[in-house]
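Each of the next two complexes has subunit A plus one more chain, namely subunit B in the first and subunit C in the second.
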Partner chain A sequence: MEVKADMVGIVNKMLVKVGDKVEENQQVAAVESMKMVVKVPAPVSGTVKEVKIGEGDFVQEGDVLIVIE
Partner chain B sequence: MQRVLVANRGEIAVRIFRACRELGLTSIAVYPPVDQGAPHLDFADEVFELNTRKGYLDRAAILETAKEAKADAIHPGYGFLAENADFARECQEAGLIFVGPPADAIEAMGIKTTARRLMEEAGVPVVPGCPVLADAEEAKEWANRIGYPVLCKASAGGGGRGIRTARNEVELVDLFSEAKEEAELAFGSGDVYLEKYLVNPRHVEIQVLADDHGNVIHLGERECSIQRRRQKLIEESPSVVVDESLRQRMGEAAVRAAEAVGYRNAGTVECLLDADRNFYFLEMNTRIQVEHPITEMTTGVDLVKEQLRIAQGKPISIAQEDVAWTGWAFEFRINAEDPDRDFRPTPGKVTGLRVPNGPWTRVDTAMVEGSMVSPFFDSLMGKLVVWGRDRDEAIARSKRALSEFSIAGVKSTIPVMLKVLDTEEFRTGAFDVDFLERWLAKQG
Partner chain C sequence: MQWFSVSLYQQTLSVRGWKAARQPVVLTVTPSTNDVARHHMAQGVCTGTVVVAREQKAGRGRMERSWASSPGGLWFSLILRPQRSPEQVVLLPLTVAVAMASALTDATEGLPIGLKWPNDLMVKDKKIGGILMERDGHGLVVGVGVNVNQRSFASLLDQKAISVFQLTGTEVSLERLLAGSMNAIYRYCREWEDDGGQATLEAWRHHSVTLGREVRVSLPGRQVKGKAIDVDDGGSLLVDTAEGTVRITAGDVTLLRQA
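Up next, the complex of A and B:
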């Protein structure tokens, strides 16, 4: 399952790495835009299969941040 | 002083360029690469690129460009470097006039615990609280003396940031070390202190001006209680709860506050007002504020021109006894935020724009059709400022103007502000700083 940015901005925090187990609704990243930080929760429980974006990267709405299996 | 560099962007940069032009001063814009071609640049007489990725916060790059541009003054606007004492000092050392207060005054007001002590000494009431705390034990002792709930605040914080609430001892002990850590990270100092949590206060602030000739005056109050996440959304002047006697007492206290720190130029003394209309010093904003236009509308004093005149060494153009307030003014912050999604930022391209005008309707903005609302800066796209002879007329005119305002491509705060104007609380003025969040929660 792909976790996408739902806001244009800069990835302010990437809290998981490949292989991490995550619970549904656990915060996995944070995106900052216009001085506001929005938390990105895991939509499902599972294992992080891919991390596509690093801290400081610029993302568009809809860009894939991580993939959870 | 002939050449003024404006170290800012967007609507406030335009505001300062306009004041410069009216005073016959040459305005100089600077921009980092991300703001290349930004519409505010069209309003300046001269434009220079800042060769930096740190943008408007790069003090060295700005000072360098000021030299290259042969500027003799720098106006910082609000945000960015406006309340940076080091920058004010560096300007002075470089032989530039900083259009703002002396570095020492910025510093004194920037450290909240220092400011509170100075205010108490000057006879300005402060919210009951304590000095910087050594540890959680001391915090517990003070909290018992002050009475719960208490706010734990970062001494170097401000503008509503770095604040936590504790309702009891358990919560206080829990949040204390976290608050210290967060303060260290966010403000470079882990100093925290406690303040009594006032129940349902209003935020009322006083505009002051001070010049080099010993004149310090106040221009009355602005009511800024319509906030969400401690950020102001709608401001008005005067305030429905401030009568002439309270205005005079608050104004005199604000003047004493400014005098206590050797203040110069324009500044704002922010206060909380409790249900019994007792006022308490909250903090001083040592700069021009976003909401300054409502004071301009009710007093007729051009605050930015006053700032520039004061920086030139001239006296304030009006005496305290000549300050008169006429009518009622509102300001609406038109932010690129989606009220339906918890006010989250909505950067993007403005694909369509209709800006209201008509009688007593002022819009301060740098936005044009086709402009990009950048995720790198704050969400303020513009400000709608409306004046009426009384509050009812000003509200009716505000509704008219807000309904004329249309922005396509990005979401804005306009629709939610129209709804707020229709609430009983807003119409009667019976609100406090928590009103908007309570109301939003009810809307689901």
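Up next, the complex of A and C:
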């Protein structure tokens, strides 16, 4: 399952790494745009398979942040 | 002695739609009013709930930078639950900035407040206030910090920050300023709900100290330099550069010189 940014912005926090177990709704990242920090939750429980973006990276709406399996 | 008079605040408050606003959560010292507000939001409190503190020990701005929050300033966080899409909510940082500029001008009998994109409150190119929002689903914490009655700042900060007292020599009631801020935020949020933010954008342009200025925008791994020419319908800053117009949605804006 891909976790995507729902708005353009800069990745403010990346809270997980490959191999981490996450629960549904657990915050996995935060994206900041126009001084609004948006919490990114895990849509499902599982294990982080890929982290595609790092802190400080710029993302467009729809960009994949992490992949959970 | 209680540092904040709730009855004085209530006398000035005219918000009718947010019942929770009448009973603020008043704290003396807290790490961050945003953290407390986020905790309350998770408990399901109503829109309009506001947390105010005399002092924050770990106040912060964007990208987790620390924000000095000593006694004398107004430090508060408001909980909103706008039932709008993320594309529409993105204008709220500008809406709150316009509201705070209006509230501060009213409370100081006319001090003109400029807005640096997206929502820094400025006087004489120094920062008098800032806003940081945190969104979790449909819940929104609106964190506001205003330098009000501080006599001075630490030397490093003194170059960049200024307070109402330093400008006017007059103390402002924090209770009345908080109530006036809530009144203005409520009023501008209602406008935003009615017209999708068009009035916000017009008012923001009116207060702007960014448009018409040469700016430098710091983005991850690169910088954009040019003249800030407008904000678009989504609140993004449009910067005219040698390579054409660049649309800025995030990043640090530095004002380079007067136009």
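By our rule, the second predicted complex is superposed on the first by the 69 of 69 C-alpha atoms of A that agree within 3 Å, B and C clash if a C-alpha of one lies under 4 Å from a C-alpha of the other, contacts with A are read in each partner's own complex, and residues count from 1 in each chain.
Rule of thumb we're sticking to: a residue touches a chain if its C-beta (ideal position, glycine included) is under 8 Å from a C-beta of that chain, and two chains touch if they have at least 3 such contacts.
Please read all numbers here as calculations on a predicted model, not as lab measurements.
Applying the stated contact rule after C-alpha superposition, one finds that A:N12 touches subunit C and leaves subunit B untouched.
Touch criterion met: A:M34 reaches subunit B and subunit C at once. The larger set of touched subunit A residues comes from C, when the choice is between subunit B and subunit C. Judged by the touch definition given at the top, the superposed model places A:D57 against subunit C, while subunit B stays out of reach. When the shared chain is aligned, no partner comes close enough to touch A:E2: not subunit B, not subunit C. With the contact threshold set out at the top, residues 7-10, 33-36, 38 of subunit A are in contact with subunit B in one structure and with subunit C in the other. Those residues of subunit B lying in contact with subunit A across their complex are 336-337, 344-348, 375-379. Subunit A makes touch with subunit B in their complex at residues 7-10, 33-36, 38. Those residues of subunit C whose C-beta lies close enough to touch subunit A in the complex are 62-64, 86-87, 89-90, 92-94, 118-119, 130-137, 219-221, 235-236, 249-251.
Residues 6-10, 12-13, 32-39, 41, 56-58 of subunit A are the ones that touch subunit C when the two sit in their complex.
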